[in-house]
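Look for chain A in each of the two complexes below; its partner is chain B in the first and chain C in the second.
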Partner chain A sequence: MLELTPNTLAERSALRINPCKTCQPVGALYAALGVHRCLPHSHGSQGCVSYHRTFLTRHFKEPAIASTSSFTEGACVFGGGSNLRTAVKNIFDVYQPDIIAVHTTCLSETIGDDLNAYIMELTIPDDKYVVHTNTPSYVGSHVNGFGNMMAGFIRYLADARAAKNNRVAIFPGFVNPGDIREIKRLAGLMSLDCIMFPDQSDVMDRPMTGDYEMFPPGGTTIAEIQMLGGVLQTLALGEFACAEPALVLKSKCQVESDLMPLPMGIAATDRLLMAMSALSGQAVPRELEDERGRLLDLMLDANPYYHDRKTAIYGDPDTVIGLTALALELGLRPRYIVTGTPGELFTTRVKTLLATYGREDCRVKAGADLFELHQWIKNEPVDLLIGTSYGKQIAKAEDIPLVRAGFPILDRYGHSYNPLVGYQGGLRLAEMIASALMDHYDRTCADEDFDVVM
Partner chain B sequence: MIAPILEERKPSIRFQPGQSGTIKCESASISGAVSQRACVYCGARVVLNPITDAFHLVHGPIGCASYTWDIRGSLTSSSELFRNSFSTDLQERDVVFGGAEKLAAALDEIAAVYAPPLIFVYSTCIVGVIGDDVEAVCRAAEKKHGRRVIPVKSPGFAGHKSMGYRLACEALMTLLEPSHDQPAAGGINILGDYNLAGEMWIIRNYFKEIGLPVVSTFTGDASYETLLRAPSARLNVVQCAGSMMYLAGRMEEEFHQPWVKASFFGLDDTASALKKVADLVGDAGHRRRAEALINRETERVSRVIEPYRPRLAGKKAAIFVGGGFKAISLVRQFNELGIETVLVGTQTGRPEEYEVLSRLVQPGTVILDDANPAELETFMREQGADILVGGVKERPLAYKMGIAFCDHNHERKMPLAGFAGVENFTREINLSINSPVWQYARA
Partner chain C sequence: MDVKSTILSKYNAKVFKGRQDHLLEVDAGQTQEIAANARAVPGLMTNRGCCYAGCKGVVLGPLKDTCVITHGPIGCGFYSWGTRRNKARGDGEGRNFIQYCFSTDMQEPDIVFGGDKKLRQAIKEAVTIFHPKHVMICSTCPVGLIGDDIHAVAAEAEKDYGITCVAFSCEGYKGVSQSAGHHIANNGLMKRIIGADDTPPPSKYAVNLLGEYNIGGDGWEVERILKRVGYHVVSVFTGDGALADIARAHTADLNLVQCHRSINYVAEMMKTAYGTDWLKVNFIGLGSAAESLRRIAEFFGDQDLKNRTEEVIADELAAIEPDISYFKSRLEGRRAALFVGGSRSHHYQDLLRDFGVATVLAGYEFGHRDDYEGRQVIPRIKEDADSKNIETLTVAKDDKRYRAFLSPERYEELKSTIGLESYAGMIRDMPDGSWVVDDLNHFETEQFAKLLRPDIFFSGIKDKYVLQKSGVLSRQLHCYDYSGPYAGFRGAVIFGRDLTMGLYAPAWKMVTPPWKAGDREGDAANA
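Here is the complex of A and B:
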């Protein structure tokens, strides 16, 4: 596989090979699925939403529902206003969601559709809502689309005059339902009354009941999004996905936010719990201290297997930063850290992290692609890959163990149910990483080195 | 939730027993629909993507390239090049100032590192809108690098998936035209098989056994070299009619090659396809060998599937697939297994295919074009379907409803074509319908 990837690096300014990102709309769609009784709506050609739904279904193994304006050539000439009007009417008539979350596409952005104006002119049934965000596919990545959709909900719905409440907003970032459940559990143990926004748990991890629900029971409610205007504070996890919505909430409703990395690994989870503790005034309970202790215990036990193993980590910026932090804590040696999402903030953040551990000998790149990563690896191999399913071709070509983490994972089951965040997520990752390295050792070592006890 | 059906959708659905008239199809999806259908670009891409040694360069923002990266499921016996994703990853400045320059640079970068015989350049939605002259860039690159650089003008909004099939066929004709004059060879071309899970290899081996060489394949496991030989074949055998009838017609015009539709799904369809082709281009010996193969395989497969029959008889099937021709084969295949089809629909079926379907199914069977999940749910529930045959988006819908599922699309891992395909299909249907999980799920 991929033996075509040449070792020699050639400067590329125009050609993208094997991307490590996708476009904004799919992120917006996923964010909108985390709102209760919301139908995400793609304002563009019908192919976009078909691809996005397929992509999400392949990752979550769940139905991913969204509608489309179904642009034709006429819409491109005269604008998509009438398509949107027809769509909104049809959607409320037939699917009966409480809210429609419109995101744009490269097409509707390029022809200059003014969604603000279109939505103002709509006839929207009582107690129903239509919100929108702009997600030009030629800017940023799906991670930005996710943050932009959150910001769109806040712009339309968060109520600046909402009565002050004692709740805390948690923006969990671009993570799996399993992560959201874990963050909720942590908040519960810290006696924090939180509004999780968005919340894809019980939407994208529905139990099998024999009934298909187009609008599952999960998701942040419209009332909760309105109440975001009156919360004590926002805990925004993941700078790249959540900085924009946190900023919009602050400027609209003067809600302060604590922007921090995804709680992956020891230090980042400590950081979240300290913030939760400061807000609730409750000390970290024994239960969580024990979880932390068990994670430390495993890290020590398996330490010889992690130590100095050269590692490449790739994927979305927030996830990669979280995984890098954990990798450093485990004693792995990050060698290549890349994301496809553009933005130099990523390299700054990662380099700071690396410097903390004296591990500066590492190539870090934003706006990279997996072809380039593969070329680096061909020139200087690594012992371990951590990232999405798209690295499996490199893993196979170079015989490197791969630990799947991030978005998307298209070739394994069950991953979205379980967390990467918190001490529990750390425990899971630490086990996955050790097992991957040890399985590889067992498979490749000489017979005399092959041992039952490791 | 049982959703009401949109007024505008009613002409595309037939759900009253004995209701007559034609099914409205081949039309644009309704705005606001949760359509299961894809776009023009997708149609073009699925047809051309299996060409193994071609560069498939997607000119547009990153999404269209990343969603089509190595998802086709078509196997290769040689180059793996097509399994990579190549794109111009257009950025805001390109949208403002035009992307033609970047496209030209990308083509230069491809030529600098590789020596590809063939590059397809797919233009996506915004490329026409921002006014890139993709054809001119491709012409210039073709001259500069001495390689075929063929534009595929496939903006998503210019119709639906079927239009993409047609544009892909046009691109193939552009490729074939210079090879116009070739001495006639003895064999056949197979059109519209994409070698999913190795299906083309199965069909090719049948023809080999019969003594009819397969000259060229469109486009499963095809390469630049094999495609160029296509005009020398004596007959085009069209398997996926939806995607390739147009190409067959064009090849008949240009190269005077006759064509025939043939389905390799199911025992009866496979047998009649082999006999039909043997009669059209072979002699008595070919016919005899075809019959020997059919008898041997039918007998073998019947023996294999016999034990499954009692476990499957009386079950009810729902079908929602891309094209009408495949749907017809599936109804027949279910009939062979004693399974009644209670719902059948397609994304891009044609009027004449819906006519055949109407005659093939029992009165009371729901027939629908371009269905959405709510409609599928409603009618599967009403009709009491035990299994759904569909693609990736339909799978979790079926499972959530407690209905078994068989992937008959890109994600199938077992070949479902030919006689071996009947075995696999029967096994897959059985393993899903009779999974031990159901006894807990339907408590």
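Here is the complex of A and C:
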């Protein structure tokens, strides 16, 4: 496995090898799936959306619907306006969504299609909506595309004159339906009336009933997005995915936001609950304190198995920061922390976290790739990998246990139903990590070192 | 209202007009015409991919001795990395490039100021780190728009590094589907690779396997059988394939064409340039695998080879007979729909017949009329603006390497007896009253599933869960749901097992909770 990867690092300025990111549009598509009765639409050639639907379906094992403008060479020359007009008409005729969320591609961005103008000229049926965002694939990553699509919905729909309401907006970030369900549960226990935006639960985790619904009951409604203009505050989870939409909501509707890390591990979950408590005026209930206590109990019980184990964490910036926080709390020793998404804010955030625990002896890199991570590992191995499915090659090549977390996980089932966030998510991760390390020990240790009781 | 009217009635006038000729009910005995390889209708959720997916994803991606660099923003390279199950073992030197994704990861300044500098640098870095003998460049949409001269960069790299470097202008917007990309990849292989190495095959009965991408190990099962009979496989296009082998493809006596759609261009061009005859084969299905083997033996005409062929067929069939009978008993009488990219929708009908499963619907994502109706229609296919944009390569006879294996008389004889250089298409093999649909979209998939109620819907990942959630077993014929091989004799057993496993999964019977059992009958009643 990966036999061609040499130990010697060579300077690279142009060749990306085994990336740890993908392009903006797929993030935009996923964000749009979290809006009720929304059909995401890719304005470009049809291969893009074919790849994106494939990618999301493989991660969630659920249908990921989206349409395309199906550009041909002619559209590239004359502009994609006519394709978009035709597409929008056909979509409303055939699939009947309430809203179409258009995102661009590198094709339509490069030819300079003006989506604002195109959409203004469209004939849109009554009570239906078409919104858009720009997602050039050659800028940022899928994480930016996710945030840009959210910002697009807000720009078009959030109502600056909406009556003030007592609700709180929660931007859950680029997470799984299982995480969103957990955040909703926490909000419920904190008596917080929230608008979750976007909300892919009950869209990308539909039960098997024998009936397929193209537009399932889940998703943030258009009315709720409009109401975002009048909420008390926004709790924006995950700076990299949510800073942009939080900023747009503030500048458009003067809604303040509390931008915080994804609630992964003890401290970040504490922070979210305290913010919720401040908003609802309700103390954190015993139920959640007990959950917290159980997670801490596990962390102490299994501490010897976590202690100082060298760990590499890779994936999307918000998730990686959350996982790093939990890893530090467990007593693991982060050795390499990387994301493919560019931006030095990531390294700043991670280094601050590491410094808090006196764990500065760690390489941190944004805009990195898995080839480079593998080369680092070849030169100085780690005991544990935490990240997406694409790290399984390194895990196999170097015989390192891998705990899957983040996007995408293409090779396991059921993961997206369960949370990584909250104390419950922490409990799940803590168990997965200890089990991965201990399974690896059991499998590789000498017979005389093999213990039935551990 | 009949099935077709029911479906078309939901469309507006323009879509109705655009779609009506892409659907037909098979009228056995009649010559029927279908519209294909035409633009998808914007807004209808097509399953199609793009030119890049056909060129890099399908044809070039499986080459294990080749560093394929995607020139473009990161997405395209990322999505086509390790996701197609085209299995490959490392070459003699343990080299296997298919575990890697190489991309120039173009950024905004590259789009504004041109990406050729970055491409040049990326090749330099690839050469420094991996020392590849072959580098291929595949471009994505923006590259064509900004006009990077990837062919000049490739030529320069050949000179600078002494490697083979071929560029493919396979931007996603070209053509109407993956099919354009197959053609572009075929052209590049023909122009630059085939014919580059004249080393003769080590033994007689030398063949190439064309259009076999070794999904789930299919190619290995086919090669196993061919070797058992006594053939030597010179090269495979391109599953577990190597450019080093493809360079010698012209030294083979016969081209075996498995996936007609994606590779027929190479077969045709090799016939013109090198005189290599080609035979459409199908190793999916017991009957068709046996028939293919007999036709290949007939081509060579050697009695020993024919005897050996019969021995192998008898032996292979005997070995699997108990399994096949068992799975047939579990599957017989079921009805299947198939919607796959190119030739698979046709091939798998043979295998399904072996298990007593009838086809009620079949269609291609990116087939052409000849894949449906047979190659005799090729001269009558009208070229449209999209197909004219894809280069049709004119090849000349290579006097030095041209070699006719057959005498002209024998060639004429075999044309009719074993169907040399012909393909009769899918429709002819389909039962009366079954449906053929080209470029089936999300809406039509749902409608057909409701109207025809197949027990099994073979398709891809994008609609797999649409179907499964509506209570129909869906199996992916692109990746075999991570199983396989399904080709050849042993593959048929695995296919039968997987189908049986899917249909009889205990969960199907529990979909309706007992407290609702009275509300609906026959819900998801697959088992």
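Criterion: the second predicted complex is superposed on the first by the 454 of 454 C-alpha atoms of A that agree within 3 Å, B and C clash if a C-alpha of one lies under 4 Å from a C-alpha of the other, contacts with A are read in each partner's own complex, and residues count from 1 in each chain.
Note that in this section a residue touches a chain if its C-beta (ideal position, glycine included) is under 8 Å from a C-beta of that chain, and two chains touch if they have at least 3 such contacts.
What you are looking at is a predicted structure, and each value in this text was computed from that prediction instead of being measured.
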item: Fit or clash between chain C and chain B when superposed on chain A; value: clash
item: Partner chain in contact with A:L107 - chain B first, chain C second, else both or neither; value: both
item: Touched partner set for A:M208, first chain B, second chain C, both or neither; value: both
item: First (chain B), second (chain C), both or neither touched by A:S70; value: both
item: Partner chain in contact with A:V88 - chain B first, chain C second, else both or neither; value: both
item: Residues of chain A contacting chain B in one complex and chain C in the other; value: 1-4, 6, 10, 12-19, 21-23, 25-26, 41, 44-48, 50-55, 57-58, 61-73, 75-76, 83-84, 86-91, 93-95, 105-107, 110-111, 136-139, 141, 206, 208-212, 214, 340, 371, 390, 393
item: Complex contact set, residues of chain A against chain C; value: 1-4, 6, 10, 12-19, 21-23, 25-26, 41, 44-48, 50-55, 57-58, 61-76, 83-84, 86-91, 93-95, 105-107, 109-111, 136-139, 141, 206, 208-212, 214, 340, 371, 390, 393, 410
item: Residue ranges of chain B in contact with chain A within the complex; value: 1, 3-6, 8, 28-42, 57, 60-70, 79-81, 83-92, 94-95, 102-103, 105-106, 108-110, 112-114, 124-126, 129-130, 155-160, 373-374, 377, 392-393, 395-397, 399-402, 441-442
item: Chain A contact footprint on chain C (complex, rising order); value: 10-12, 14-15, 39-53, 69, 72-83, 90, 94-97, 99-108, 110-111, 118-122, 124-126, 128-130, 140-142, 144-146, 172-178, 385-386, 389, 442-443, 446, 460-471, 507, 511-512, 520, 523-524
item: Residues of chain A that touch chain B when the two form their complex; value: 1-4, 6, 10, 12-19, 21-23, 25-26, 39, 41, 44-55, 57-58, 61-73, 75-76, 83-84, 86-91, 93-96, 105-107, 110-111, 136-139, 141, 206, 208-215, 340, 371, 390, 393
